[in-house]
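Have a look at this one before I ask anything.
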């Protein structure tokens, strides 16, 4: 297992802001809190565009958080050369989160030459119970070297 | 297999607009094209907020389309009494859709007392190839009767 | 979409019997009924080793049927050069099948250079209702050419 | 979070042996190593019927291990009243396990009135890398009380 990342938190943030400016469309987008060996932690600041009936947060907001968190973990560990493509995402929704920030903790379970596979644990900020568990698979394009 | 729906397309549309006004946040939201026995067809009109690098459409936009299409199929067949809760959503992304409307065809494979399970085929409007295949599971609250 | 397969039903059968003799361990294994462009149909003959309490059939028996049916569809369409590796399998169990043969209809939704993605509809022989819906993803090793 | 289980390891073992005698068909079946609050650990002893080409172990063997481990965790925490029904199982296969015992660590992420959701980490005995990550959903029948 690697003990260092290839890109720093700041470098991954700058890269994401450049290639995915739409993440901040209509309100604040997800923010990288930390990256580490095979991991990344993202915060999705609360915004009314994510609100749903009953005062809960939308599934697509959680999907966006999970996908970006896994993508950030891949970038941090492989570097910006890799434009990984999401091929599979699966979500189990356990509890309805109340209005507030969401925290997604991504962990890569495999980072191979062709495929990366990871999971994301999503919680309301400060809470212990999971609101959602996601797994994702990413195809990594062949590198020229 | 039922041969009629409980709610019409217009009734499901009105219900969704009332309980999910956020679907139209920042631009036009999904539109129901048809409902039938165990089925619903939704159109997601193209809007720049769904755009991603390389001129493709975002995963969360497809998730929203899939979730709403399955929810519309459940409503049309069970009626508005049922506030079904999404418990699982899984996506296989096959191709990157170009900029344009997306069409989601939802079909319920099971509509039981406690659980509904369905799939959604997502294509670019007018195209034959699938861009995404989704499956979803919904918990149906106990009815009082 | 292709209109012919690369391998015939007989050729795929012979190949599977050679490389997966364990499929017939302890009783008859799955039998290919047909292959076609992007499709394969498999039958799992009823055997008591698949039986579970209440007179239903086991989940692992359905998993084996789904995995082999998708693998047969890939072989039929790519030829025996491809030792595809299963990377993801997802199952929704809709109804409990009674004792009897199971039929799995596999259809590839994508057959790309690196990845194949497909779905399998599993029914009891002669019945219309789905007992299980499966999706699978396969990594296709780089070919030397 | 509970700090005790409702059934002991021995009680869950005896219950499984009684209701699922087929798990030991053709060779030794899975063995419960431990149960705890929301958790269970199962061992699948190596047997040639699980072997596949290249000296690896079959997907259905891993599915059986994952399903039984989650079921054991539910039993240990809810008691034998609950005949939970598997509604969804999803697997990401990360590495090919060599011949040897497999260990599955199940953890319930939700144990509600109607649904239980959990994950299982599968490794080769003594190894650190995951060979498979599974998630499962179980419908819990209404209890009479």
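Order as written gives the chain letters A, B, C and D; numbering starts at 1 within each chain.
Convention: a contact is a pair of C-beta atoms (placed from the backbone, for glycine too) under 8 Å apart; a residue touches a chain by one contact, two chains touch by 3 or more.
Because the structure is a prediction, the values reported are computed rather than measured.
Chemist: Please flag the chain sitting at the greatest distance from chain A, going by CA centroids.
Modeler: Chain C.
Chemist: More C-beta pairs touching across which pair, C-D or B-C?
Modeler: Ranking C-D and B-C by C-beta contacts puts C-D first.
Chemist: Please compute the C-alpha centroid of chain B, do the same for chain C, then give the distance between them in whole Å.
Modeler: Computed from C-alpha means, the inter-chain centre distance equals 28 Å.
Chemist: What is the distance, in whole Å, between the centres of chain B and chain D, each centre taken as the mean of its C-alpha atoms?
Modeler: 33
Chemist: Averaged over CA atoms, how far is the centre of chain C from the centre of chain D? Could you give it in whole Å?
Modeler: It comes to 24 Å between the two C-alpha centres.
Chemist: In chain D, which residues are in touch with two or more of the other chains?
Modeler: Residue numbers touching two or more other chains: 87-88, 90, 92, 117, 137.
Chemist: Where on chain C does chain D make contact in their complex?
Modeler: The touching residues are 19-20, 22, 25-26, 49, 51-53, 58-61, 63-64, 67, 85-93, 96.
Chemist: Can you name the residues of chain D that touch chain B in the complex?
Modeler: Contact set of chain D toward chain B: 87-88, 90, 114-115, 117, 137, 139.
Chemist: What residues on chain B touch chain C, complex-wise?
Modeler: Against chain C, chain B makes touches at 90, 92, 94-95, 109-110, 117, 119, 130, 133, 135, 137.
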